[in-house]
Every structure is written in structure tokens, then in C-alpha cells.
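Before we start, here is the structure in question, set down as C-alpha cells.
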Amino acid sequence: MFSDKLKEECGVFGVYNNDEFDTARMTYYGIFALQHRGQESAGIAVNNQGTILYRKEMGMVSEVFDDVVLDSLKGHSAIGHVRYSTCGDSLRENAQPLVVKYTKGHMAIAHNGNLTNAEKLREELEAQGTIFQTTTDSEVIAALLSKERIKVNAIEDALKEVMKIIKGAYSLLVLTPHKLIAARDPLGIRPLCIGKKEDSFFVSSESAAFDGLGISFVRDVEPGEIVVIDHNGLRSIQTNTEKKSALCAFEFVYFARPDSVMEGLEVYEARFKAGRILAQEHPIEADVVVGVPDSGLAAAQGYSVEAGIPIVGGFMKNRYTGRTFIQPSQELRELGVNMKLNPIRSQIEGKRVVMIDDSIVRGTTSRRIVQLLKDAGALEVHVRISSPPVKYSCYYGVDTAERKHLVANYMSIQEIGDMIGADSLGYISEDGLLESVKGNFNFCTACFSGDYPVK
Amino acid sequence: MFSDKLKEECGVFGVYNNDEFDTARMTYYGIFALQHRGQESAGIAVNNQGTILYRKEMGMVSEVFDDVVLDSLKGHSAIGHVRYSTCGDSLRENAQPLVVKYTKGHMAIAHNGNLTNAEKLREELEAQGTIFQTTTDSEVIAALLSKERIKVNAIEDALKEVMKIIKGAYSLLVLTPHKLIAARDPLGIRPLCIGKKEDSFFVSSESAAFDGLGISFVRDVEPGEIVVIDHNGLRSIQTNTEKKSALCAFEFVYFARPDSVMEGLEVYEARFKAGRILAQEHPIEADVVVGVPDSGLAAAQGYSVEAGIPIVGGFMKNRYTGRTFIQPSQELRELGVNMKLNPIRSQIEGKRVVMIDDSIVRGTTSRRIVQLLKDAGALEVHVRISSPPVKYSCYYGVDTAERKHLVANYMSIQEIGDMIGADSLGYISEDGLLESVKGNFNFCTACFSGDYPVK
Amino acid sequence: MFSDKLKEECGVFGVYNNDEFDTARMTYYGIFALQHRGQESAGIAVNNQGTILYRKEMGMVSEVFDDVVLDSLKGHSAIGHVRYSTCGDSLRENAQPLVVKYTKGHMAIAHNGNLTNAEKLREELEAQGTIFQTTTDSEVIAALLSKERIKVNAIEDALKEVMKIIKGAYSLLVLTPHKLIAARDPLGIRPLCIGKKEDSFFVSSESAAFDGLGISFVRDVEPGEIVVIDHNGLRSIQTNTEKKSALCAFEFVYFARPDSVMEGLEVYEARFKAGRILAQEHPIEADVVVGVPDSGLAAAQGYSVEAGIPIVGGFMKNRYTGRTFIQPSQELRELGVNMKLNPIRSQIEGKRVVMIDDSIVRGTTSRRIVQLLKDAGALEVHVRISSPPVKYSCYYGVDTAERKHLVANYMSIQEIGDMIGADSLGYISEDGLLESVKGNFNFCTACFSGDYPVK
Amino acid sequence: MFSDKLKEECGVFGVYNNDEFDTARMTYYGIFALQHRGQESAGIAVNNQGTILYRKEMGMVSEVFDDVVLDSLKGHSAIGHVRYSTCGDSLRENAQPLVVKYTKGHMAIAHNGNLTNAEKLREELEAQGTIFQTTTDSEVIAALLSKERIKVNAIEDALKEVMKIIKGAYSLLVLTPHKLIAARDPLGIRPLCIGKKEDSFFVSSESAAFDGLGISFVRDVEPGEIVVIDHNGLRSIQTNTEKKSALCAFEFVYFARPDSVMEGLEVYEARFKAGRILAQEHPIEADVVVGVPDSGLAAAQGYSVEAGIPIVGGFMKNRYTGRTFIQPSQELRELGVNMKLNPIRSQIEGKRVVMIDDSIVRGTTSRRIVQLLKDAGALEVHVRISSPPVKYSCYYGVDTAERKHLVANYMSIQEIGDMIGADSLGYISEDGLLESVKGNFNFCTACFSGDYPVK
């Protein structure tokens, strides 16, 4: 219940260190700060003088690692990875980083994103005799890197060749005995940024991971850029000839932490602004604004300010639902069991409520939340959504439902509003959303518009 | 870090069921909804036709129970318990419910609170030859109940006698083969309430546990009341001759869920009102109001509305810190590692900030949070606290620090403000707090006033 | 399959140490050497300057303890316990040692045996208001000790009184802040012995636990004796007025390790001698003697020597069946799945075999083993049993089947022989068995003779 | 202590089933029966209609699998693997079966043995761009198989080509969606045999795994043979042009179960015969023969029969030492702590003892055992070893020590005898050993003779 959300695939974090800090622990806290990007598995690989030591398991960062494990991961540089929550022990093989031995020694790879031509590349490689042990794109990239590496002089040159072959979205880290390499796909669909602390360099899916570690944000990795970090410092290779970009708009709408800054824009600020625009586009007479925790809160504050309607805490959210929580059975849910959200009755009862959420995927969750508010005595519930209707599947690393399950694909806005029981329903326009994230960057809006930047 | 909080001791939940529902699962969800009252251990005991089956372990509710365990706990009635987080495996023996065999069969006991004469009672019992296997008050109560039971005709009569002997705070559940008994100390220091769903009765530390289970709130258990639930329904025994009450004020300030209702008052509403009063008592010119998550948020909203200063989301809080999270070492903290709160810079930078928190215990946490705001660019940070200065230790089931560590005990408000780096500091007055919770009930304010309702 | 054996209840081990050794680890190895006496749960309690620290859990010794746990159990003296394997997590409360707080401080109790009047004593204590949290005899003993202790000056004096009240079999260890006390029931039904190493004293259910630790065997604790070990050394209190003894004969037949010495007699030697007597009582013409591993091997060697028939290794026994092994289902067993014993065909095929086992309880196991030998080509299988027919239940700490399931209770020897498919069947006579263990001690033979030494 | 043994690398078991049996459970019991061949990790892969499901983990068979896991492994055919015990979590990646996706779908590989040219093959493959994720030979074989498969029409044809490339010892199982393939290296260095039950075929490292499952032994896989099992039944491909064979002699001396039959010879019988020959080659006047458990027992029985000296049980061996047992520290061992073997004093004291063991590697263990016998009162200890001196390292899958640690490599037999404290020492001759295993097969004796059958 209440888990009808788009799902991000992964988060990555890397350290190239000059022995000042505890590399494994810095990486632990780094991927811990990115835990919202993936709760299925976690892994850390460290470069211990040419040998790559690693640990990866199903579970949350705090479950996979303890002091004994971290103490065993001594190294000069490291990369870490979190992967999103699906299910099944058999997927343990898919945990990252992927660590391989190739002709030049060991290499660890972690990435966030999705290759659109992975299946085709696998088939081609298999036809040449390659075997695969996982179903990750990382293994495809590793296989290609290894094949290109025998033709060129440096791993970054091999990566340059590989980036001509692979298509889609990727923010990629490669750890070798002497280098930490970061690369981002030519459109910059997934975020990736660089930090620095004393003589150490860091890379992360989101800048918020730097804040908690006292690391200074340096800049985003550019679309198509390969960043090579070694004992000479940081060097950039730009593979992009065209000046295009297409950052996933949903990073701002929902995925990223509100305290992260991407392409110069703070996520909270963008959401707040989207809330203001939403109020302009879909005004309504009401008594209170409530945000659906947690991702609807910033937009709700924006809506409140713009509309001059006070914001209140509308819901209590139970924070203790971890991996091992037993979800109520269908039978218990029909008996009224609802363990995640509870309305704050005093703020709702007898009020006309504007309820702000970030998106509607299947609609079932929205219907339940509207019902909770009505049950708590709301006179009217006006639903305002801070993203345009999601009508198209994502092929770049987000687990949208199949297209046929996307409610906006087969219902009009009016019908959706009726279905979820809202007294009115308003989505921000695509232009409104783009206005909220306006800057020196372009966005991928494929899931709203069907306009896919990569085929 | 950031864990410098008062700690509640426990939460209890009970079901007397007529076979309509899955007793163990109802109790599981009940204590899950009370998880904020204790994360150290969890336990459930069910009455299986006269035999009491149980499971209790160190850990969170979702860690202690899985489907296999719950399936094994078949029964007609049940009680559950959560206990707060200290540390150490050796305390496993102290997990509740306590299950004992006495002259009339089996009995399970769970309680929230603290007896002020437990040590004396233990000594008296030991001097008569009694042995103890735990250090819980529950075992003292069980020993006394058993001793009284041989003199009277019913367990509730024995309990009546025991309540003449024990002093202090307790909200108590007793499960026997034929009855579920709930009792509250004569001053009602800890909360306890009754719910109903079809033919089943429920008791809970907080009403919010009922909401998520579709249970209707009936009423609070009264101070000094013994409630006997059996196949004849619910029967009340009032042991209180005087009409006194002294509910812990901190239940409203901090412990309870905002969506719980106690003595007719919703916790969120009380906090909101405290925020308004705080704004009246300590107004300030400022640009934004921020609440320290999570317990400062409702008061912040009240302050914002009263003061006419917009509220913004000031902090991102990392929700993934479970029991197994490795806290940053002192060394890492000095390197700037801070994993729990991160300011939302866009809302803080260049602003005069009113920061609302629920209490200051040692002051160390407040100092860090003020610093975070200043580092994020706050021009001024005005701290407003929605409870009066905590100067006295609690003897009724709250883990305040020792008195000598309570900063308000040895510093003036001005000194505390300087120490935490605030540009100004204001606490709500005791009268203000009492105004915020005004109703047909009296409150224990011993930790503020030193005026202890029980010696 | 093949688990149709009598089951011993427990083993105990104690250390009174003068800081020379690592007390917890000595106890760990001590109870590890007694693991054959119980595989259900294991526990160690240490006296840490008046505080008793402990750990007990379901599982084997090596599963319950690791270095971290043992390092946390620092102390000057200690007792340990292993309990036999039944099943079920709910029995965790019954793991020993039992640690209690009583009027004089802490006390830990561990025992091997069974009180015949435990139920009556519980009822009497409950009628006085005592509560029980386990179903162990140890808790009854602790409750009585505590009650007696308030009347006398020393714990050993209290124990003396308790020994007047309790009936049955017990080898008992009591650890207090200043003493380690060992006591054995007036008939010495369960074994208990004393060892010494430098200035430290040790007690153990069996002497073999001393051998592996380099401890010198001193002597057996006498029937009815209380041994008090403290900083003054070892002191003996004899509570026995009559000179009676009744050591369980099955300790020699099956329970004890062959390398243990009890009452001056080595278990292996006794079994070997029983084998010789068996050969005298039930001679047969045959080609080879095989012992059923492991407890039938010593008697087989005796039989071989006496009869002049060569002994051969008749069976391969799979040693890896731990607690977590999945026993073959009935269906698989019918398909011929048998994971424990496999005959050594070359030694059996075409031979007339004398098969030596220690006992027949239900007969099902014997039937299967005879069948295995026939399937492996044995021409004849003559079964010889080194104990008399088991016809009566034990009330002194051995889990015999209920009497109605004891095959010797309702079948003649001829019928049993037919049922198990043997070409002939011979049991050692009761006199023969007593001859094999002949010495300065008397034996309990209740399970053969129905002659119970305690009512 | 007492673990100074040669170590076998692995055991394999496979099922090609016609839905009669529970494939995963048959494989579970199969590898359980082969647990003595490897205790480090265990794994099972099943073919579920073209998809290969698997589970592999560090630990014993009974630890890795439970009913839930086995229930999830539904399939028509299966292979299983056990690997020997080293240490370290990081080796989890090396657990087998290895499951890969290649151009024709999924494939699982398990093998026992060691390729002598693995390192060279890896380098060649890496130079062509291949990546490796484990350090197992199985991955090399999988990579080669995949490469060859694209050139030919069937997996068995690819395997034929691969067998021309790989050198060394291997008993190999390959599971594909439609086939189970078994292959043995051209010299048959490691054992592998075929079984049948109703319409199902089985393969196993040892025949004893068949006995416990009611499977009929069919025959050994021949050196160099590829056996293809599919819905058409069993088909053989012989790749061997020369008629050579070189089964590891140590399979008979130590590795294999005594109840296994290899190349027509039962292991127990071979050991028994070796004992007889040893008695002829190194007679001695003595009172008793004792075998060091478990692998010395059969030879001891042979020695006893030939020499006319009675065999006795000389040692009690503690069977409970699992993976989690805490080995005594050096300090405790010096205090006399010895947890594994304890002499049966009555059989040793005052006797002249012939002690039979299977081999001497470093000599440290033998010295301790001789000392135990002397401490138990043996007048003389004459050590007889049922294999010739081990002087050379094995490159075919046995973990002998490095050559410099092999005591027979740098000491004369006289010196070894003195070092271990024996009154006399005799090894069986190489001819004697070969006589004991005489049949239609040749043996690898490289570790005795230095005569390596494969370079």
C-alpha cells in the first residue's frame, strides 16, 4: 500500500583518496546518504594496492556492512553502489560493484542508469563467445571495456570507445588499481557530480552525499564527459560533440534528495517553485494545503505561499517500515488496516483541503489517500500534482509501470479525478514543470511527452 | 549525534478477541504503530486456550516477528510490548511481556511506566525468599499479584490490592486464560486507552494505533481504573478515591504520535497551539520559520501562523538510520561527518530564521543544529522551544539525563542561548504549555517544576 | 531415522578459578567435551566480582558462543550447561544455567537429572504465591534455596535443607559471588566428579572433559555430598546417613563417553567387558563381528575377543548431520533414502554377521539396520545387545519412550528377534551387565528391572 | 590441531530426472553424502524448463539449504557441488556450480579437480578481451566452452574441443536446458561414476552417494569419456585415443568414503588390504593395534588380522567440531587443551601399541598423537603408515602443503620417526600400496614418486 511510486534504479559514490581518510567508511556514509536511490542491495569495492577487495549483499547499507566488514576493506580508493528494491535472493549476483579480472588486472564497475541497446550488445557479445554471469548492464560495459582495452593504451581510451557503442542513460564509475574514472552518458540523463576535500576527490550521484561528509561540491560531471582521477589529480575528456542535454525531470520531481543541487539548481527550490506554478495554473478556494509525505511537502509549501492558503501537517507517516516489515494482507487491508499514513484529524476535519502529491502512476494510492482525508472529515479534497501526467514508460533506468498500467495513458484527467475521488484534480503543465527547473540545462520529459531523447 | 532526546520507556497494546481477527497480527500492527515508544525489544504473548505462547526478542517489531512466528502465535487474546533502545544483549531477559506460571495458571504482564518504590518492594520480597530473574518492574508486579491472588477470588481483586502497594507510574496489561485486564496508575501518568471493533476490545498506549487498524476509539482508561475484559464484555473498577490526575506533559510535547488523541486532545493540535503561544511569548522579526524534524514541526506550523512568518522545510532528515547503522566516530564527526540532518540551503541562506524545537536536554544537539543553519547561510538563528526548561529528572518512566547533565539545571536561559550559538532563545512558559494542553485533565510537570506528584 | 535412542538430559561443568586461566573459555571447552549429553541448548554463567554475566541459547556449544561472546564473559569462576535436543524455540526460557537475584545477591544454577517430586513442590510453592518463569527443576531448586537461605547463615546450609525436600536424581552446580557448590543426590544417580589444575578446582558430569583440558581427575562427588569450593579451597559436607548408591547403569551402556571414568571404572572397559560377557551368554557361530557405531563398538570388540571371531568395520556413518540437516521425508525414505549408515559391503557380503548394539528401544531402528546388512549380502545376522531389555520408563532424567512404546514391554525376546528380522537375538542378562560394571558402587537398573531406587 | 591432512578439492553430483523424484532434494542428499570431499561451500543448480535456478553459499550442505530454498529449486535435472574448507567470505564468488548465460542460453558447470594450464589459458583469454569474475577453473572451462560452442553444433562437440585444450585433472558436470553432461579427464585422475534409478540417471564423484539414495551403480565414467544424458537416454563419446589411466591413489588411501567403490574396488577393502601388506612389510611385536580415526581404522583392522595382534578402540574422537567451533589458542594448547582426540586409557596403558595412520604430511599431528598414547601409558608406540612417504606436491586438485613443508621431503624415515617420538616407524612401500589397489586400472602416484602423469 502506498508504494505506487516510480522507482529509481541506483546510486553511486566514489573516492580517490590520498590516505587522509578511511576510504571504506567515507564510501559507507556516501552510499548511506544515497540510500533513497536504492534499497535492494549495497556494495563497496576498494582498491588495496592493486587488489580489489569488495563486499556486496542484498539489503540496506546499514545491514550489509558492519565494523568488521569495513575494517577488512582497506584501500586507497573505493566505489560504492546502492540498488533499488525488487525482491528475490537469486538477484544477489546482480549486486554491484561488479569486480572483474581482465588483461590489465582488476577493475570494479558501478553504474546508475539503463542502456537501451544492452540486449543487442549482449547478443553480439554472446555470438562471439562471451559468457555472462549477471543480468546487469555493468557486466556488458565490463565486457566491452575489456575488449577495447586490448586495442588501446589506457582504460579511459577504452571507455571512450565503449561510449561510442553503448546507448542510453548511464552515470558510471570505474575503479582500477591506479585510477578512479567517472563518466556520464552524452545527454546526462542521470546525475553525477564531483567533490573535493583536502587532496581527495569524490564522485556521487547527488551532491547531498557530499554535505554530510564535509566535502566541497566542485561541479557536475558534464554530459558525455569522462573524468579521470589519479595521482596526477583530475583530468577531463569530453566525448560529446553536440551540446545536448536531457537530465531526467523526475530527479527533481521525486527521486533526488531535496537538499541536493543538480546543474546549479537545488531540488527543494525546484519543487517549491513547481508548487507555486501549480497554484497559478490550478487555483482553488480552500482552507488548508497538505503535502503527501515526503516528496509532496516542498511543492505544498510553494503552493501554500503562492495561494495564500495555510499549510498544515496533514499526515503522520510511520517511519519504521523496513525491509522486514510484514505488509498487511489484502484481507487485513479490507478490515481497514493501513500502517503507513494516518491523517492528522484536527487539521483536516471540516476543512476544504488542497492535497499536493508529486505524481500519479496507477492511481490506486491517490485514491486511498483521498479517502483517508475524507474519512478524517475533509469537506473537499482538491488534488494537485506537481508533475504532468505520466503516460509513457521510461527506458533510461526508472521502473515505471508498463505503459498499460499508467492511468494517464488510458484515462482523461477528469476520469482520473473521478476515479481517485477528488473534488478536483490539476496537474502542472509540462511548460510549468520546465519553468520550475529552468536553467542552463535541458530535460528529458519522455515519460510525459513520449519524446525520447535516445532511441 | 542528534540523539540528545528524552526517551520514553515503553508502549503496550492488547486485544481481547472473539475469533474475528488474527490476534497476533493485530497485535503486531498495534505495537508496530507504537514503535516510536521503544525500539530496544518487542514481544507478543497470546492466550491459546489457557496456555500462553509468546515471542520476545531484542530488536524492532519488524525484526522480531516474521510470518512463521506470527503463525505460531495462535490465540483468542493477546498483549504486546515495545521497549526503548538502550543496548546490550544481556538485557534480553528484560524484554516484555513477562510470562509466568502461578497458582491459577499462566499470566502475561506488560507495562509502561516506572514504579518509584520498586527497589524497596524487591528487597521486601527477597527478604521473604522470592527470587528475581529480570530487573523489570513487571516481575515485581507479577510477584505481588501472585502473592495477593492466593488471598482473594479473582485476579482483578488481587490487582486492586497490588495497586495499594505499588507507587509511581504504570499503564499495565495483564493477560490470563480468561481475561484481559488493563490498569492505570492513580494519577494517570502514562496514557492508556480503549478501542472496539465489532465484538473485540482493544487497549493501547496511544489511540493512533487504533486508527491504522480500523478500530474505534472508545475512551481513555481513567487514572486508578482497572478495566476487566472477558467474555461478558468490559467491566470497570475504580480504585481512585480522590479525583486527581497528572498525565506526563511530555507525552504531548514529544513522546506521543501527533495523530494520537489523549484525554480528548489531539497531540498535533496541542503542539500547534504551543507553537502559537510560543510566538506570543517570544515574538521576533524574522524571514522564515523552520521546525526541527520531526517533533518540532507541528509547533513550527503554529508559530508560523501566529507570527505570520512563512514556514519552510529547513532540513532534510535521513530516515534510514536503523539499529545497525554505524554511527560516525568522533574522529569522523570532527571531519564534518553528519549523517542525520542536512539543511535545505535555498530556504535558509540570507534569511533570519526562527528555529523551533521541542526541548533542550544537554544542549549539544541544539548547538549543532544552530551551527548547521549558520553554515547554510542563515543571517540570524532564533531558537524557540515548545517546552519549558527541563531541570529535574523524571522518576516515572522517562529516561532524562541525570540532573547534573540537564543544561537548564546549571545555566541561565541567556547562558544556554550563548552556548548553543543562538541569536536569541525563548522557551514557552509553564503556563503557556499548560494552556496548550488545557482540558479536563491535570498534568505532571515535575521535570520543569520539580513538583513531583508521587513521592 | 536411526535416532531411536534413549536420551540423556544434560551435562554440567564448573570452574573455580584463581585467575590463572580464561574461565569462560575453559568452561566452553568443558561443555563442548560434554556435548554428547545434550545438543538442544548451551549456556555459561560467570561470576564477575559479584555480578553474574551469562549467555544461553538454543543450539550447540559451538553455535551459541563465539569469541566476542566469550570475551564478554569475564569472571573468576563459572558454570556451564548443555541440554538435550528436543525442539522448539519456545523452550529457550528453559536453557540453563538459571541466573537469579535473591536476598543475598546473584546466583546461577545448573543441573543434570530429574526431580521426582518437582510437580508437587511447584504446586506447594505456587500455593504460597511463588511464580515460575520456566518449567525446569532448576527453578524449583532456586526458589527453595532462596526460601531456605533466609533462615540460615550460608548457601550450603540452605542447600542441605533443600536436599531434604527434593527427591530424585540431580547433579547440581550452584555459583554464587564467593562460592562454587557441587552436589549429588543421595543415590548418586547422575555422575559428577572433581578435577584440579594448579590452584583451580573443576567439576564435571564426566571425567573426559578434564582430559582434554589438562585437568587432573581428583575423585567423584559422593552420593549425597555437598562440595563447597571457595577461596579457602574445597570442603565437603556429607548429607547421606545411609551408605546407598544407584548410579544409572545406562551411563556405562550408552550415555557417557567411552573415555570417561566413573566410580573408578572406565566406560570403554565396562562396555568391552559387557561384550565379552555377552559372547559367553549368547555364543554363535559366525564369520564377523560388527558394532553399530558409535556406542556398539566397544562391546563389539569385547565380543570379538571373547568369541574369537574377527571384528570388521561394518558401517560407514555420516558425521555431518547437524541440527540443520533436513531429514529425509517418509516418501524419500520409502524410495530408499538413508543418509546415516551405509554398510561396508566387502566385509558383510557372504558372511554370517554378529551385530552388536547397545540397546533396543522401539525396535524400528534395529529392524532397519538388520535389513541394511541383509541387503549388503549378509548370510545371517545375529543381533547381540549389550544391555538387558528396556521395559520400564525412567523418572531420573532419561527420556525413555513411554512404557507402552518400549518393545520389550509387550513382546518376548523371540518376538522382538522376529520383528527386527534377526536370525537370532540375545540380550546380556541383568547379572551380566552388573558384572561388567562391578566395583565399589551400586547401580540403578530400574529401566530393566522396574526396581526404582527412589519412589 | 590434528588437521594436518591432505585436502581434497571438491565433490560433484548430478541428476537427470524424469519427474519421478524431487530433483533438488535428491541432489541435496547426494552432495550431503559427499560432504567429506569439501566443507567450504555448497551449491545446487536446477534446470527449470530452460532457466537455471541456483543457490550456493559458504558453509556445509545442511547450512546452505533449508526446505524453503529446496522448494524454490524446482527442476527436471540438477547438479550439485561441495568445495573444500579454506576460509574467508571473499571466496563466496568461487562457490560452484557456476551458472552462466551464453549464446545458446543458460549453462551450469561444476567440477572436481585442477587444470594444470589454467593460468596460461586465463592469460590467453584475457589477452583476447575476456573478463573473469572468479578464480575457479570452472570459469575458464565455461569461457572456452562458450567460445567453442559458436563453431560447432552441440555442447558436447564444444566440450570435445575444450578437452583438447585443457590439461590436468577434472571430473566435470555441465547442465544445460536439455542435457546433463559428465566428463572425466583423459587419465581419470579424479573419480566419477554413473547411477540409475527407474528412468533417471545420476552421476557422482563417489558411488557411496548412490547407496544412500537407493540408486543402482552402473559404471565409472571412463578416462577421457564424455557422457551425454538427455531425453534419449545416455550416450558416450570417447575422446581418449591412448588407453592410459592414472586415478589418484590417495582417493583410496584417504579421500574417499570407505563404502565407495571405484574402478571395481571398494575403498574399505583396499585400505584393509593395505593394512595387511603393511603388517607383512613392517612386522613388530606388540600387544594392541589402534587406528587413528577415522581414515586409519580400516588399515588397522587389516594389520590386526595379518599380524594376529588384537585391535582395540584407542581413541575417542569428538564429533561436534563444526565450522563455528573456536579452536583452542596456542596458549591454551600449551596448557594441555586438546579437544579432538582422547585416548582410551584402559586399552593403551601398559601396552605395546601399533598405531596405524593413513599418512604423514608435516609430522606435527603424528607427534601429538604419539605423545597422547605415551601420556596414556603406552610402553611402546610403533607407527605404521598405510601410504608411502609424501614427498611431492600435487597439481591435480589436492591441497598438499608446499613441498618444503612435506616432512618426507627433507627428512629420512628414521629422522621422521625420531621427530614424532615413535619407537619405530614404517611406511607401506609404493609397490605395497599399488598391490592393495591392484585391478584393471593404473594410478597416479606423483606425490610419492614425483612421476607426474600430466606435465
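Read from first to last, the chains carry the letters A, B, C and D; within each, the first residue is number 1.
Here, contacts are C-beta pairs under 8 Å (C-beta built on N, C-alpha and C of every residue); 3 or more make two chains touch, one makes a residue touch a chain.
Molecules present, by chain and UniProt name: A, B, C, D = Amidophosphoribosyltransferase.
What you are looking at is a predicted structure, and each value in this text was computed from that prediction instead of being measured.
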Intersection of the contact lists for chain C and chain D: none
Reaching chain D from chain B through chains that touch each other, fewest steps: 2
Repeat of interface C-D, chosen from A-D, A-B or B-C - more than half of residue-number contact pairs shared: A-B
For chain A paired with chain D, centre-to-centre distance based on mean C-alpha positions, whole Å: 49
Euclidean distance of C-alpha centroids - chain A vs chain B, Å: 35
Mean-CA-position distance for chain C and chain A (Å): 61
Overall pattern in which the protein chains touch one another (line/ring/star/complete/other): ring
Touching pairs among all chains present in the structure: A-B, A-D, B-C, C-D
Touching residues (chain side chain D, partner chain A) in the complex: 53-55, 89-90, 98-103, 122-123, 126-133, 135, 142-143, 146-150
Chain D-facing residues of chain C, complex: 21-22, 25, 28-29, 32-33, 35-36, 60-63, 65-67, 70, 208, 211-214, 257-259, 261, 266, 268-269, 272, 294, 297-298, 301, 305, 310-313, 316, 318-322, 324-326, 328, 332, 335-339, 342-347
